[in-house]
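These notes concern the structure reproduced below.
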Amino acid sequence: MTSSVARVTTITSRSDTSFEDAIATGIERANATLRGVEGAWVKDQTVRIDDGRIATWQVVLEITFVLDDAGRSTESTAPGL
Amino acid sequence: MTSSVARVTTITSRSDTSFEDAIATGIERANATLRGVEGAWVKDQTVRIDDGRIATWQVVLEITFVLDDAGRSTESTAPGL
Amino acid sequence: MTSSVARVTTITSRSDTSFEDAIATGIERANATLRGVEGAWVKDQTVRIDDGRIATWQVVLEITFVLDDAGRSTESTAPGL
Amino acid sequence: MTSSVARVTTITSRSDTSFEDAIATGIERANATLRGVEGAWVKDQTVRIDDGRIATWQVVLEITFVLDDAGRSTESTAPGL
Amino acid sequence: MTSSVARVTTITSRSDTSFEDAIATGIERANATLRGVEGAWVKDQTVRIDDGRIATWQVVLEITFVLDDAGRSTESTAPGL
Amino acid sequence: MTSSVARVTTITSRSDTSFEDAIATGIERANATLRGVEGAWVKDQTVRIDDGRIATWQVVLEITFVLDDAGRSTESTAPGL
Amino acid sequence: MTSSVARVTTITSRSDTSFEDAIATGIERANATLRGVEGAWVKDQTVRIDDGRIATWQVVLEITFVLDDAGRSTESTAPGL
Amino acid sequence: MTSSVARVTTITSRSDTSFEDAIATGIERANATLRGVEGAWVKDQTVRIDDGRIATWQVVLEITFVLDDAGRSTESTAPGL
Amino acid sequence: MTSSVARVTTITSRSDTSFEDAIATGIERANATLRGVEGAWVKDQTVRIDDGRIATWQVVLEITFVLDDAGRSTESTAPGL
Amino acid sequence: MTSSVARVTTITSRSDTSFEDAIATGIERANATLRGVEGAWVKDQTVRIDDGRIATWQVVLEITFVLDDAGRSTESTAPGL
Amino acid sequence: MTSSVARVTTITSRSDTSFEDAIATGIERANATLRGVEGAWVKDQTVRIDDGRIATWQVVLEITFVLDDAGRSTESTAPGL
Amino acid sequence: MTSSVARVTTITSRSDTSFEDAIATGIERANATLRGVEGAWVKDQTVRIDDGRIATWQVVLEITFVLDDAGRSTESTAPGL
């Protein structure tokens, strides 16, 4: 149990095709700036309507990622997420 | 910001194929009787089982639609929803 | 599964005898203006006190009623509920 | 206790000055189409930001209005809310 | 209304393709050991990440199944669920 | 404090007369298959409507029953509940 | 609006006949020590089982009572509730 | 850390001008009968409507006050709150 | 069932060693001013940090105590809790 | 991912020394009748008071255990938990 | 829909004049270190009392800000928020 | 009131001995990368089981830390938490 601390961050992510694509997009974005992403909880699901049709599938995700043992953790140099 | 008031209404909608089809069905039905539908929050997801198989995918949606500036709002003449 | 969409509406209803009479009163009132009432969830129960005695038993109900396939749904001409 | 049933409806309302102005706007709009408005619960408060400044104060209100004893209730002819 | 009592049990179920496949897997598993499964509520949805990609779609389901009138109910001999 | 562990199980129970009769029916059914039933929490109350009248009073109960010190607990041979 | 402040206190109350009798008992007890009791919210309902039968119907009530304009409020000399 | 125990009490307070005035009124009333009031959480905000206008701004407050080390605490002789 | 009414009061209590010591401190304080304390629910647990170390373990407790049959209840003469 | 379904069951467990001992007791009891116990969530913590001292530390646990691929799952022959 | 991912961060902010000033202060502080701030949800409102008067109006805000398409997002070089 | 804004971040932390050790570990880790850590709320407590014994005590903490008046806040150069 070398690395025993993880952090939870909240993001919203959108897709124009499905909730599951929105989730995949959010995870991909998280991996671009964070190391050690372990999982995500789908906190909320909403759709936006345009001209009577579903234009956007949006999710709110709580993403968990492991912090390493060094001071600065597994976050990459880009702290965007 | 001419129209600053919206209304939220709750519906349940079902599909025999998927949750996302149930959402699309609910939105379509809302558009048939309401003007100005902007979005929806997926409040609950349930399935009904028949003979051991998933027969119905059901969602509860909270639908938001804009009220226009005239007295009667953007609801069409059919106030069904 | 011809009619796959239902609506949920919230009412409060009171009785001077019991919660169950308050529920029955609310359902009766809903049936007077809505078609297709299917059920209700008892969301809250409160009592009002007058001169040290319970004067009113009040319930908050979330009532579900089916929308038919025509545009205007099963609501009667009186859209009161 | 002639009129013992009330209905609860949810609206969102916005102002560019304050939450309390947003509430007043929502109540005013409700009174334009409903009779018997008794009160409202402030369910949520959000702000929208534009160019780094608060552009909109928005509230979600649950509005309670009394239904009269006739079939159609106290709603005026415009069922917009 | 011969059988008026049902039981609710909670399971978690996983799939490597989608939430809906995870739900179907859970229902299938429930039917293998329980009789009278009527429906399920999707209580939670999470994903597990492996090497930066979604490896597992997991759901928590509350499953309702009817108890028959005999003493032992509709559970089959295998009480696993 | 010989038996210090209890289990909580969730059931739904219905009556065509009242919520309290539905609770009594559920407790009776629980006692038919479980030993050591101690109490129940009324988690939810709903009514089902048929032809405009309340046809069913339904409750969701969380039932607590004590497990004895032997391996198999106080459940009778019929594990239906 | 001379007396604009009220207090909310929580009690539990039991009856061996019904929830509504338990509520009435709790209100009666509150009136014995408090002045200005206005109402109560039924926060929880539980039953206790003895020898397989419902022995006690118990409610948790949040009771609201008005404070008068004098310093000491409408509480009687017995501050028991 | 001489005084390590505090109590939390719930009040409702009203104003005819604003929520913030209602909060100030409630705090002032609490200070009239309690010593050691430290803070308050705004649990709920509602408005009451009269003749189509907001007549009352009402808040529910959870007030925290420190108990002193003597037996009777920091409450003044008037136990009204 | 001579004494069928109990009251619930909320306190916060702190310790510089552990949550369990904070609970014991709170119960001890409650017993100093109340008779008939039956139990407590741990509603919340927080820690306060000083110079990078945990300085205070704090709990919020909902304490239940029985009211006796006389008017003034089991509260001792010191109404501090 | 051979065994992809787990079950969640709720128990209460008590100790006369600490919450952590109560958790350990509950887990030990669960292992006596269930195979594949993976973890537990501490849903609630309460204490019972006797003669002014904490007599019992009680926890409510939601225990997760894996179901194996055979029909009957990993439950041992004693279905007590 | 070039930038489809946003992040949600939680802050607390205080003012000695009003909740709305506290919200404005929090938004201003967020804009000093984050780009793309879109809005905020008022999650909690508390007041701190000093010498019997309201000394501090405090809010908890959940702030949403858009992440840009580059790796490091719209956060400025100062990652303070 | 020079520094009036604080940030709340969520972490999970584990220990193989107790919840309180898990909390201390999480706070220690937070202090390694953040300045101005003030306190933490224990949001959730879970245990993981290995070979029938509690292998890990895990907590979810919401940690509050003060932001200083400069642009970049009190976070140290390592933005890991």
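To keep things simple, chains are lettered A, B, C, D, E, F, G, H, I, J, K and L as they appear, and every chain counts its residues starting from 1.
In this section, contacts are C-beta pairs under 8 Å (C-beta built on N, C-alpha and C of every residue); 3 or more make two chains touch, one makes a residue touch a chain.
Here the structure is a predicted model, which means the values were calculated and not measured.
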Chain pair repeating I-J, as identified from F-J, A-B or E-F when over half of the contact pairs by residue number coincide: A-B
F-J or A-E, whichever has more C-beta pairs in contact: F-J
Separation of mean Cα positions, chain L and chain D [Å, integer]: 41
Euclidean distance of C-alpha centroids - chain C vs chain D, Å: 20
Where chain D and chain K are represented by their mean Cα positions, the distance between them in whole Å: 27
Residue numbers of chain J (touch at least two other chains): 9, 79
Pairwise chain contacts under the document criterion: A-B, A-E, A-K, A-L, B-C, B-D, B-E, C-D, C-F, C-G, D-H, D-K, E-F, E-J, F-G, F-J, G-H, G-I, H-I, H-K, I-J, I-L, J-L, K-L
Residues of chain A touching chain K in the complex: 9-16, 22, 25-26, 29, 32-33, 56, 60, 76-81
Touching residues on chain L, where the partner in the complex is chain J: 18-19, 44-49, 52-54, 57
Of all residues in chain E, those that touch chain B in their complex: 20, 23-24, 27-28, 31, 37-42
Chain C-facing residues of chain D, complex: 1, 4-9, 62, 64, 67, 71-75, 79
